[in-house]
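Each structure below is given as structure tokens.
Paired with chain B in one complex and with chain C in the other, chain A is shared by the two complexes that follow.
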Partner chain A sequence: MIPAPFDYEVAESVEHAVELLGGREDAKLLAGGHSLLPVLRLRFARPALLVDIGRIEALSYVRDAGDRIAIGALTRHHDVVGAALLQEHCPLVPYAAGLIGDPQVRHRGTIGGSLAHGDPAGDLPAVLLALDGEVDVVGPEGTRTIAAAELFRGPFETALGPQEVMTEVRVPKLTGDHGWSYLKFRRRSMDWATVGVVAVVKGNGSIEEAAVGLVSMGATPLRARATEQALLAGESDPAALADDGTDPPSDTNGSAEYRRHLVRVLVRRALEEARPG
Partner chain B sequence: MMVAPIELEIGEAIGAPVERKEDHKLLVGQAQWVDNMRVPGMAYMAVVRSPYAHARITRVDVAPALAHADVVAAYSAADLQEEWAGSLPCAWLPTEDTKAPPHLPLAADKARYVGDGVAVVVASSRAAAEDAAELVEVEYEPLPAIVDPEAALAEGAPLVHDELGTNRCYTWRLDAGEVDALFDEAEVIVRGRFRQNRLIPTAIEPRAVLVQPLPANGEFTMWSTTQVPHIARVTLSGVLGIPEAKLRVIAPDVGGGFGSKLNVYAEEALALGLARRLGRAIKWTEGRSEGYLATIHGRDQWQEIELAANADGKISAVRARVVAAMGAYLQLVTPGIPLLGAWLYAGAYDVQGYSFECTGVFTHTTPTDAYRGAGRPEATYAIERAVDALAAKLGKDPVEVRRLNFIREFPNAIAAGLTIDSGDYDAGLDLALGTAGYKELRTEQAERRAKGDPKRLGIGLSTYVEMCGLAPSKILGAIRYSAGGWDTATIRCLPTGTVQVLTGVSPHGQGHETTWSQIAADLLGYDVDEIEVLHGDTAVVPLGMDTYGSRSLAVGGVALYFAAERIVAKARLIAAHKLGVEPSQVDYVRGRFTGPEDSIALKDIALAAWTAHDLPDGVEPGLEASFVYDPPNFSWPSGAHLAVVEVDTETGNVEVLRYIAVDDVGTVVNPLIVDGQIHGGIAQGIAQALFEEAVYDDDGNLLTGNMVSYLVPSAPDLPSYELDRTETPSPTNPLGVKGVGETGAIASPAAVINAVCDALAADGVTDIQMPATPERVWRALEEAKR
Partner chain C sequence: MRRVSLSVNGDQHELELEPRELLVYVLRERLGLTGATVGCDTSSCGSCTVLLDGESVKSCTVLGVQADGHRITTIEGLAENGALHPLQESFRTHHALQCGYCTPGMVMAAVSLLAENPRPSEAEIRHALEGNLCRCTGYQNIVRAIEAVA
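Take a look at the complex of A and B:
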């Protein structure tokens, strides 16, 4: 329960962090520490250097960015939950953030850390994916933007390079024609989702847009594409297709077979809840 | 000296909701936890543990660890062989032929479970010790493992201890009455087969030990997170060959145990052995995941129960068979744990025939031992599930079948062979049903079914009786437990108006300091704040049997009562002398002696006894008395628990909507503490029913090795409890107390699973294995559809 030895540096700015990351092989960013430290304590990871970006206050904000809301990567889950702009324009994000872990976790953990960690059982990755959000990352070559659909590559693996720092997360503003739902099925209130389902549906009468994001149903957060298409085509039981193309894990919270069943139930319920109007 | 009983004025301090004296220091961070302690020259120990459940150890090389700059020493099992004068203790070998394989603090030839210690490293910091532990090179030759106790009994199963030639540790039987004949005559027979899921006790404070040697005198002081400092001293002196009088064991503040610290562990022996060898203080603190491997687990049994009954549902006989996992070695009371339920498989019901058999089995898993309830939750679960099955078979309400069978005469010599002291089982059930609104709940249940609500309502009962207050020494001897069941109290009335109470029952969160103060305050006429309770240090309280089995109040608390009688008897002599009358002319009421004309306070007598200027002839100075109390019987709490659950038939999720508990724990000294004990017990019982399970894969790897995968529920996962009680004092002790530490954990698993099965009865589901996870519920429903 004690990590292997590592060096520690405090980054004063994003540029400083990039520089520190470049100086050493096997360096890791430390944000809220609520994914990284458990991994270190179990000695599953042994980075030689931790670059602490947790004190870069400029990376903690929620701002109006036109048709999007911009969230600084170091914004704590707790601050996402309480952000009035998000409550007004994209309440799905604070709602999902409010279901993460427990109050301690939400006061330390950051939205950037959640996305960069790439945990297929994380709540926010599937939310970002269903919203078609995007993130900015800064590296030695400057800033680039990564769309949510490109961000998640595999279990705990993202499109970020070893010397890149995520700086901002952007999600679209939802309108009065949007309905949404996030159903997180978990064994205990503080647990990760056994299965989670995000639904964002747009339409006035008939459905114009539909996005269904899935948590814990494969190696990355997933979209239930077959369900989305069936919805748009007006088919009768789109939820029955929710596990198409998924590859759910089997663990002590549930077998793959059970997760396939569960995701169909939850998608049906999420769509009922999300139906606009 | 014969003494007259003290007239107890229950209600002044006894029975009052006094806030716990212990809490302030806990809340402001001034508790004395072992891990916070530091002594000069202290070095830290780390244990190298086997990653294999079963493997031959072919080579251990500590040299790479010794090369680490901060390492003081590193040893393999062979290096330490000569430190041990004996095996780690097992105090309960229930039959003459019980197999007790050697169990040394480090495994030498073979590792027998994941977590078995194979080498040890000492370094100048904890971090360095853990770093260096990784450097020790151990070569293993992995062997096939066996984790299920029934499978371990099968021909050809891998053996945990080759030299035994079998994995069977013992088989213990109890037969009473014409059981076979009663089954032959029975109009109805119901059978149940149940799994007692393996549980990990998860005390909030992990284990830790610190040993400070005084080499010049051959003395050792050991601070340990133990429930049993006295038992640890007796047994560790044997393991290490340290004279008992040279070993002082201190249990400072201890953050919970639930039975897991009712043990004597390898790490305690290692710390003592290393402190002796190195001549310096040694400390070890368990990591949480390390503890999940290295600290005992609970339960892990298969149970079969059969009831013989007539067509009305009157039960005549019970037959029960248990196969219980011991794990890889026998810890302090491993084999005896399932037997603590041996007399309770007929529960609160009046039967004529009784037969019980238990087989203990070695498996390649962490050893099992006492976990809250220890044997009684298992028994209660089996009988309460079976009674519900009987009701279902007869198409009767489970309430009715229970009432038909309740024991109503007390004391009651039960078929299994012991005597229940007192109780009123109908009263508890009436209260529980009334609080719940049983009829209305049944109506709501029917309405939900009628309208096809996928969320079914279930109502489950558990009308339990348990035996605690361990225990009459004679009975313990008869069942081959190797210590007594008595306990001690000393009262010292100091000259300046305060009192020291010394108790042999060492608490670890139960609030003894408050409860004992209340009792002493009422008996001796002091304020609760004027009483100081000392415990948990063998140099301060040399004799005691410690805290487990809901025994503290029923044994140690009663010892306190009798010690107070001795104080009053002696003080009466002095009082009479001061008042110039005969002792028989002096009345004693709550701290004051009153003669025909004058009166004098006990506090003044304490001063007079200290100055000793004017004592009656033959009376020793000082006002101090001790008592060693050996209870004549167990004590028998009982009650009725009722769970209301909602089962989502689509997801399989179970939510406990309401939980009603009516307990009869005899006289209640402190209702806040009693309620707290019941709350915690119910939480752990609901945890067993719905959340917690230690899962091993076929190779013996613990898949639930941390608190992410081993699901200890917390407040948001549990309902608010609706508590009530009846108070039937135990007639076997003058306080009338019984015991409350385990009732919640004993009663609740059955209530919850009965409720889940009740919810799904109309869907054709008859049983769901604990924990009733969403997947298990869903599968049971799928199965029932076929």
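Take a look at the complex of A and C:
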């Protein structure tokens, strides 16, 4: 399967990419290509122009940004997995990145590409959502910051405008009072999650903060709000509410009913794993 | 068309490529290097695995133009002076192949693993092969062959 023809330009900088995107209707950004190229090969998308930002080396980094860790949007999953700053301050992110696809995919795929693709079955969107992370995007009007809660709009749809380029991803530093878990249920190791569950819990003794992110349980990554509230209220079985407000798909990996069952099981396990103490 | 400069197995190639040409087809059809095979065409099976700047990638999911200026190594580039690479030799002695279709991809994935982690545990070897499918189900011997070299 060969993609339909397209034009191709290499962006030398973010500003150049914004300019190139503005020059053509139906232009798409190409980073690592591991979300986009499979879609092009299946001809689910036929952009007129690909703007290759994969050579902008300045967008590949992991930095300490005070109470947050800043990750350049073009940082490959492989490099996120190995980043000492993330291992120290927010190990959930490298752990989840290490479960994406397989080594070959992680050698090419980027954190910004995964988030901008907006796949509700992707691992990192739900992780960013549960962490209340944020991203910077640059467009013709300059830079703006988008909170994770505002980023994901629909299946494969994000708040990024057609001429905007994601440049940085920021996640909070977790402390000793935080516990976390990411459970990804899939049939083969390389597959997307049938259901994935992120849990981030803060509290020494009693629970002060709780965030539960869900993968593949609706049109976007979701927060299990009913479970979070039940946890904070000290109710006995918060995981039983994990599918409240979800709209899981039925596909070859499982029916909606199966996913509703699975998510309750996985949330229960993830909370046991994440609960400090 | 776009002018692209590729180093493949140490040889420099100047090519005129259509942007949509996938690296695996550039290797197979333009350069005659048919070791990397097309198994699934959906970025799953790993039989098209080659090294890009020393790291494993699925060449069906890389555009030829993305590889411009980079260094590609295929299974054809592993043997030196007629002597098989230790992993190739180990796959042979451990009977780590049956039909052979996935083998070039398996070997290249293993080369990439050992470059990064020269002493992997059995579990690490199995994890590192998660992107490569063998439908003869020869995984046991493939893992043994890699363990023997590690």
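Just so we're on the same page, the second predicted complex is superposed on the first by the 277 of 277 C-alpha atoms of A that agree within 3 Å, B and C clash if a C-alpha of one lies under 4 Å from a C-alpha of the other, contacts with A are read in each partner's own complex, and residues count from 1 in each chain.
Here is the rule we go by: a contact is a pair of C-beta atoms (placed from the backbone, for glycine too) under 8 Å apart; a residue touches a chain by one contact, two chains touch by 3 or more.
Model, not experiment: these values are computed from the prediction.
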Partner chain in contact with A:Met1 - chain B first, chain C second, else both or neither: both
Partner chain in contact with A:His107 - chain B first, chain C second, else both or neither: second
Chain B versus chain C as contact partner of A:Leu37, first or second or both or neither: second
Touching partner for A:Glu150 - first (chain B), second (chain C), both, neither: neither
Partner chain in contact with A:His261 - chain B first, chain C second, else both or neither: first
Partner chain(s) touched by A:Leu50 [first = chain B, second = chain C, both, neither]: second
Touching partner for A:Thr194 - first (chain B), second (chain C), both, neither: first
Chain A residues contacted in one complex by chain B, in the other by chain C: 1-2, 4-5, 42, 102, 188-190
Of all residues in chain A, those that touch chain C in their complex: 1-8, 30, 33-34, 37-38, 40-42, 50, 52, 54, 78, 101-105, 107-108, 188-190
Chain B-facing residues of chain A, complex: 1-2, 4-5, 42-43, 102, 185, 187-192, 194, 251-255, 258, 261-262, 265-266
Chain A partner contacts - residues on chain C that touch it in the complex: 2, 18-22, 25, 41-44, 46, 49, 52, 55-58, 60-63, 65-66, 109, 112-113, 127-128, 130-132
Complex interface listing, chain B residues touching chain A: 126-127, 130-131, 134, 287-290, 650-653, 691, 693, 695, 703-704, 706, 708-709, 711, 713-714, 716-717, 773-775, 778-779
